[in-house]
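Look for chain A in each of the two complexes below; its partner is chain B in the first and chain C in the second.
Then we have the complex of A and B:
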């Protein structure tokens, strides 16, 4: 048995299912939890590509910090429905609601499948033309050192600019949430 | 022996260790609490000192009924203990118990630990929300605020050590200390920040607002019973061990000892349990802080101190 293929299939299934549930679930808290599992599955892909550092950062930043912030936003915004009892619905109603709606049911699914098919065709063309190799490059012995060297020499200025943008966003958020005349 | 058999054996050893360590720490906590409060503590079940109380507790926990609240969000409630427990068990992969006694010596060991530790918050949130109980939800909200605030100084405090040793591998950090002496000599400030942030991450007194028995009736796991409650309890106590072991690895020389392999593992365990004892000691000696004091301490003192430590270490290394 091909363990790598099995792992890939598992991760892909987890990723697609949880990503689908993020947008179709009725509860925003469930969406946050599914989002966390989406990020974990993505970290699994990084791990399969032997990008250890990226996988760990993916979990640390996205599954840890970003999901925590999403959860915080949910808990701080005063919605009544997060502690209420879930709406009772039968299995058929649920399937109907998930796939039947023309706005966020079958139609987006068909569109997504179409886009995926087109992307696969394009990727095959690109690989066939020889721009990308379908074989992964040799795994780096120490990807952390390699990333750090690139980040702090070649890409130092873009790196610092990105941090400046984040700082500006943070200050902007504080100013926007503070009302006029309030300390 | 094939590789996967070895892997399964290692996993079983870690799980057995988690079980024994959890049971032992619950007993030890009750004995230390008794000692500090000038009473005896559990003394009825077995000798010496009611030692078999821990087995009695474990059997009771396994055999209790697993009650699910009728209004709970079924799957979220069911899955929360698993999400909370798994990262704690995963942390054992990179803890260096001895020169070769380590699950996997990764070159990103510390980042791996930070990553798996950050995932525990999701378990807390799932438990708090899934229980559909106001105490649980309040506990989860407090946990969110507290764990985000204290994770930052916790990770920043380790950066000083990483700068000195020049490696992220836990084994590499210990090997550096074997050659150059304990890191606590040069990174005392980092240790102080790390220790305080560690107490908050573990939800231990004086930062136990998340659990707060007297006001929240143990917070996010109020609605759990039997073995599910036990999983939270084991995860909490294993987390204490993991964090203490990390502190020993980073600041107190890890397994460094002149007594060979067995001696190294013993030295490591003794140091770790000394820090665990310190944590228990603090729990029974210090009152709980208020939530505004908690936030002030985290953001206005620990964060600047850890940043100062990084800059200072950098300057020293440059000169």
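Then we have the complex of A and C:
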């Protein structure tokens, strides 16, 4: 029994099912909850790739902060969506609503499939070029230490620029959401 | 060890689900959620490539941190703009946001 492959299959199923439900579920609040599941599954992938620090960041920033932000925005902006009444529809209508769209029919699905096909062709070339090993070397001893060493020496200026970007985003969000007349 | 292309295929599928959602929906919050899915697929790609790299196993993870930071800023600003549009103009459909249309 290959436990690693089993874990990979489980995480893949969880990730892709919840991502699919994020896009297709009827109620936007449900989409937010499925989004949290997607992020947790991705943190599992990061652990499998021995990126421990990024798995923790993924849980904290995405499953914590971003999902909370999205839920707040839904709460403050949406009109209906809280009734929880099941929608009555026939099978064809359900398929149409799931895979079609309001204005363009099935075109978004076709575009997404086309992008996936193009990217798989490109990846075949990239992997065949042989820059990446099929069997990776030993994992980093401590990925947190390694990231910190790089981040605070080689990438110090990008790091500071990103902190400025976050500050600007914070101030911008506060000013945008202030009510008119309070300025 | 799971080979590299398994991770790449999962990331491709996640990315195209994100594109699909971003094009399919007209609710601005759902479009933003779909963009988050796409950014996460990119992160998975970066970390998988970093793990299987022969040269630098840290660079991909550092880059993923920057992506996460910019994505957090993006979602904060995006949701603030959505809230403002809903409050000022009572619009829930991105096709009806046409203030700048000449």
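Please note the rule applied: the second predicted complex is superposed on the first by the 143 of 183 C-alpha atoms of A that agree within 3 Å, B and C clash if a C-alpha of one lies under 4 Å from a C-alpha of the other, contacts with A are read in each partner's own complex, and residues count from 1 in each chain.
Please note the rule applied: a contact is a pair of C-beta atoms (placed from the backbone, for glycine too) under 8 Å apart; a residue touches a chain by one contact, two chains touch by 3 or more.
All values reported here derive from a predicted model rather than from experimental measurement.
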Which of chain B and chain C A:28 touches, first, second, both or neither: second
Which of chain B and chain C A:65 touches, first, second, both or neither: both
Partner chain(s) touched by A:142 [first = chain B, second = chain C, both, neither]: first
Partner contacting more residues of chain A (chain B vs chain C): C
Touching partner for A:53 - first (chain B), second (chain C), both, neither: both
First, second, both or neither for A:75, with chain B first and chain C second: first
Residues of chain A that lie at the interface with chain B and also at the interface with chain C: 32, 53, 57, 65, 69, 72
In the complex with chain A, residue positions of chain B that touch it: 71, 73, 76, 106-108, 111-112, 114-116, 118-119, 121-122, 125-126, 129, 132, 134, 137, 140-141, 144-145, 147-148, 151, 168
Residues on chain C engaged by chain A in the complex (per definition of touch): 1-10, 12-21, 23-27, 29-30, 32-34, 36-37, 40, 43-44, 47-54, 57-59, 61-62, 64-66, 68-77, 79-84, 86-88, 92, 95
List of chain A residues in touch with chain C within their complex: 4-5, 8, 12, 15-16, 19-20, 22-23, 28, 31-32, 35, 38-39, 42, 45-46, 48-51, 53-54, 57-58, 61-62, 65-66, 69-70, 72-74, 76-79, 100-104, 107-109, 111-113, 115-116, 119-120, 123, 127, 131-137, 139-140, 143, 146-147, 149-151, 155, 158, 162, 165-166, 168-170, 172-173, 176-177, 179-180
Chain B contact footprint on chain A (complex, rising order): 29-30, 32-33, 36, 40, 52-53, 56-57, 59-60, 63-65, 67-69, 71-72, 75, 82-83, 85-86, 142, 144
